[in-house]
Amino acid sequence: MDPVILFFLFGLAAGLMKSELRLPTAVYDGVSMLLLLTIGMKGGVELARQPFLGLLPDILGALALGLILPLIAFPVLLKLGRFKRVDAASIAAHYGSVSVGTFAVGIAWLEARGIPWDAQMALLLVVMEVPAILVGLLLARGLSKETQWGEVAREVFLGKGIMLLLGGLLIGWLSDPEGLDAIRPLFFDLFKGVLAIFLLEMGLITATQASSLKRYGLFLIGFGIVMPLVGSVLGSLLGLALGLTPGGVLLLALLAASASYIAVPAAMRISLPQANPTLSLAASLGVTFPFNVLVGVPIYWQLSETLRALFTGA
Amino acid sequence: MSPESKPQIKLLTVITETALEHPLQRDLRTLGAKGYTISDARGKGSRGQRDADWEASGNIRLEVVGDEATVRRIAEHLQQRYYDNYAMIIWLSDVEVLRPGKFSTPSSS
Amino acid sequence: MSPESKPQIKLLTVITETALEHPLQRDLRTLGAKGYTISDARGKGSRGQRDADWEASGNIRLEVVGDEATVRRIAEHLQQRYYDNYAMIIWLSDVEVLRPGKFSTPSSS
Amino acid sequence: MSPESKPQIKLLTVITETALEHPLQRDLRTLGAKGYTISDARGKGSRGQRDADWEASGNIRLEVVGDEATVRRIAEHLQQRYYDNYAMIIWLSDVEVLRPGKFSTPSSS
Amino acid sequence: MDPVILFFLFGLAAGLMKSELRLPTAVYDGVSMLLLLTIGMKGGVELARQPFLGLLPDILGALALGLILPLIAFPVLLKLGRFKRVDAASIAAHYGSVSVGTFAVGIAWLEARGIPWDAQMALLLVVMEVPAILVGLLLARGLSKETQWGEVAREVFLGKGIMLLLGGLLIGWLSDPEGLDAIRPLFFDLFKGVLAIFLLEMGLITATQASSLKRYGLFLIGFGIVMPLVGSVLGSLLGLALGLTPGGVLLLALLAASASYIAVPAAMRISLPQANPTLSLAASLGVTFPFNVLVGVPIYWQLSETLRALFTGA
Amino acid sequence: MDPVILFFLFGLAAGLMKSELRLPTAVYDGVSMLLLLTIGMKGGVELARQPFLGLLPDILGALALGLILPLIAFPVLLKLGRFKRVDAASIAAHYGSVSVGTFAVGIAWLEARGIPWDAQMALLLVVMEVPAILVGLLLARGLSKETQWGEVAREVFLGKGIMLLLGGLLIGWLSDPEGLDAIRPLFFDLFKGVLAIFLLEMGLITATQASSLKRYGLFLIGFGIVMPLVGSVLGSLLGLALGLTPGGVLLLALLAASASYIAVPAAMRISLPQANPTLSLAASLGVTFPFNVLVGVPIYWQLSETLRALFTGA
């Protein structure tokens, strides 16, 4: 088995056993920062290698995906799940946005198999973080004057996650290759080890969602599994339509399937405080994240290859 | 130290979610606090365990010293604005500040 | 704020060894505390320097707000159970809690 | 709890720059404090924002419990020696210490 | 000289000079976690390579060693050292258990010399952490009802140290070799550098024990040197009896010689609070740890080789 | 562009945009410690390779430079800048001392170009940290009895920075080459990546000086640029006089040009509390550090090469 996945399972088991194992916050923060910077830089390096032409359709496609996904999730949560309006809107926003940890697992999975992916994927990751937040706020309160959109934008764009991804992208883009070689040992060679440590902590955090899950029951579990499957289909189709490589299609499917557990919760806590944060975290962190990491990636690979065969006849 | 010579100085202590650190700082500026002190904390209350295990689950401990009127105004504002939707507890106590001059709006400073 | 209308609310502050964090949390649950706040600290007392240089040598600072009876019961329990064998200091002070309803067992809540 | 039976015990709280941690510890030793507790903090006051963003810009929160005379002596010394040149705020409050024996120099301990 | 040892001496010197040098707690925690995981994984990888047969005698032997060592130490501390019963019991427990930092130094010493060791050593390390704690509690209070054995077991098994060692073992065991290659740069290539940082902090911590040592005097110093020598003889003999490789015999001698300064102090503080923790830390951290790290390892190597020659005639 | 510089610019931009990006203090501390240890070790390794003869002139030269620079800066600050006596003295002390972060950037710059430098540079770095502090205190108060020189010396020599540099030097000096190879992956291979992280945080910190700069105006900005230029000329000349290699001359110019932002501020805060710390930090951190890092290094290289041609006729 891939040790990276074993680290996640180990964290999950330790957490469920209520062990005292815990990563110091500073270590977890440091590890997350490294991942975000590295993912950004990997993207930036590739972008520098090829013409910038033709990225606009990809960006618009990713934007659209980020807008549509919460619109699919919202009525389901409201009608079937019988959640309050604000809670349905907040959960929907989580699923329209993306998870960088999940994306990192996807990258590691492709790297382990030597499958390349499209340079712009890191950029699309950034693009997909934001729109669902706006949709979520609109769903919750309409075009209410109360919403301080400037505030929301500041909170999201100046948040740690997007800053590091964009910063990494720009650094990767503008750096000379020899310069990059000198920082490769820290940012690139350690990538998978750092991801392992990150997943250990994610396992521990996932375990803390168990009690919320028990309380809020089966519907959230079902939603947390079905919604990513729906997302992965849409993501695959968009990837194929955009003509991405197989690796790129997988990553877009994974982005669509993943749910935010950092940027969106933080934005919702400030902009939509009436929404219960434990609901959305239980779903995105307690169900969807482990589902994607443990079994989702190969499923989406299979799915995207099947769809490719169907549509391209290849 | 007779009550008529000095206005009562109060210490306001607020325990609440880390997510509110920036908004509270803005509020304090608007509401006329002369200063504040923040430290990190964790805890448990009516809204469950807040373990500081990860970013979103920690608390902060905010302290504001000031004359009674200002401090009560701040406390009431925070309660009204945040209490319903955030983990938060607020308490007041009497303190004696050395060089309290800067907190007594009427005469000095 | 007349003493007959409200029960006195007290703040209990305990400084003790980090090693007691989990046991104290269990005790508080048993003894009926409605909540608590913990932060990290270091210090010095009759049982020597506690520098937080490494795991075993740090302190925690525990705060519990509650009605006087509960808080005194907790304080006495901690003192009896831990004071002889652990670095520990306990003090009480008067506080006024906004929305104290939840701490007054007799009438409301 | 009649005022004649016990000397008043006070809690001294000082918020000041991290740079003073070692000097203050020396001062406390000299001035006869029986103990102290320190934790990390950040804040804002008349001398600007102290964000703890990096080493030199953080605050500490120092607490000393003791009999009123000792605590006032310490407070005055700190104020005289540091207040002009360092970010610092000092306040006192009344506390009741369990086993206060060790703080009352006259009779016991 | 080995830089790893120089890091320890540097920390010790800086500490004794009362310098302001200090590792941030989060860095120390992170570094310890890496060491524990890596040691576990190194063991697990080897275990996966060979048949599991025949480990039971080793495990039983290690258990026995962990039970016998405190029984040797206790009467000496009680009679010769004139310690209180609880203190003698607590110190004895420290010496029956083991120190992972010391074990890591032993591994680095063997690696530097290209000497292999037996796969199961990391497992025996885990096995030897626990029994002495139980013996210590029994020695202090007999089979008193007061002791909450369930509590004690939870505290020990769910503590950070054992969790990480066991987790590492399992991850190493279950991982595919290629997967491990991808995390090698962080966990294996950095091992000795991370150990150096760890020993720097250990030097600083050791220095904080100087004042306790001065207070409690010569007996503790003598005990802290003689007891590991006794332990190393027993450990060597057991290793030879079990038919371990020379590297394995050294590591078992070192485990027996080492004294716990993390797991046991934490367990004693909760389960035997009347025992004075500064006594046992002064001995295990202030005397035995530096003795083992600075001069013990080569002595035990010599010793174990001599005993091997004696008994096997080789 | 060199990614290391891009990291600095990224931090600066993020800081000026008031983003929430921030390195956890423990990570920043850990990263600084690694840099200091590595720089020390690099120096120590080289020192071990060559005879110790002839270092005395270099040390005396560096000492003299550290004494002269604040004597040049002080009257300018007092007369032209119209600062209070204590403030002028404090700022002068900052510019007489050195910045390790700047030195690290210089090393990385030379390494990237394959230019070697003299072994003793790390030693001279240590030598130049201290004397300016004493000069500053003397300038502020004369030989006042009030100054507790013992205290000052303790504060400086036992501070983290000098301890780690000296410790690293000694470890590098005394270690066997094979031993060093085993810790190379952490301390040497990661050097430039660690420097990148460090510079990211330095950018963020530099940005916090913007408001002070606005308040204290143009003079500080001018001083923060001209003073390093003056220093670099003196440093280059001294380097040439001492017969250093081109790489060594550059590093000495850079040391003279750099201003302390860790050791001196800490010492001044305790020993000269009347001095306003925001003034000196605004200059050294807000102006001189970015100037040296962004444009200074190549300028000083050009300068030192020109001076070399002038004086040696080479």
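Every chain is named by a letter (A, B, C, D, E and F) in the order it is written, and numbering of its residues begins at 1.
The working rule: contacts are C-beta pairs under 8 Å (C-beta built on N, C-alpha and C of every residue); 3 or more make two chains touch, one makes a residue touch a chain.
Source: prediction; values computed, not measured.
Looking at the partners of chain E and chain F together, the chains they share are A. Touch-path distance (fewest steps) from chain A to chain C is 2. In summary, the pair chain B and chain D forms a contact in which the copies contribute largely different residue numbers, shared numbers making up under half of all those used.
When chain centres are defined as mean Cα coordinates, B lies farthest from chain E. The chain with its C-alpha centre at the largest distance from the centre of chain C is F. Taking each chain's centre as the average of its CA atoms, chain C and chain E sit 36 Å apart.
Annotation: 42 Å between the Cα-based centres of chain A and chain F.
Chain C and chain D have Cα centroids lying 20 Å from one another. Multi-chain contact residues, meaning those touching two or more other chains, occur in chain D at positions 39-40, 93-94.
Across the assembly, chain E contributes 22, 24-27, 29, 185 as residues in contact with two or more other chains.
Taken pair by pair, the chains that touch are A-B, A-E, A-F, B-C, B-D, C-D, C-E, D-F, E-F. By the touch criterion given at the top, residues 22, 25, 28-29, 201, 204-205, 208, 262, 265-266, 269-270, 273-274, 277-278, 281 of chain F touch chain D in their complex. Of all the residues in chain D, the ones that touch chain F in their complex are 17, 19, 23, 48, 51-57, 82, 84-86.
In the complex of the two chains, the chain F residues touching chain E come out as 24-27, 29-30, 33, 158-160, 163-164, 167, 170-171, 174-176, 178-180, 182-187. Only residues 1-4, 6-7, 10, 14, 17-27, 108, 111-112, 185, 189-190, 192-194, 196-197 of chain F touch chain A when the two sit together in their complex.
By the touch criterion given at the top, residues 13, 15, 39-46, 59, 61, 75-76, 79, 83, 89-94 of chain C touch chain D in their complex.
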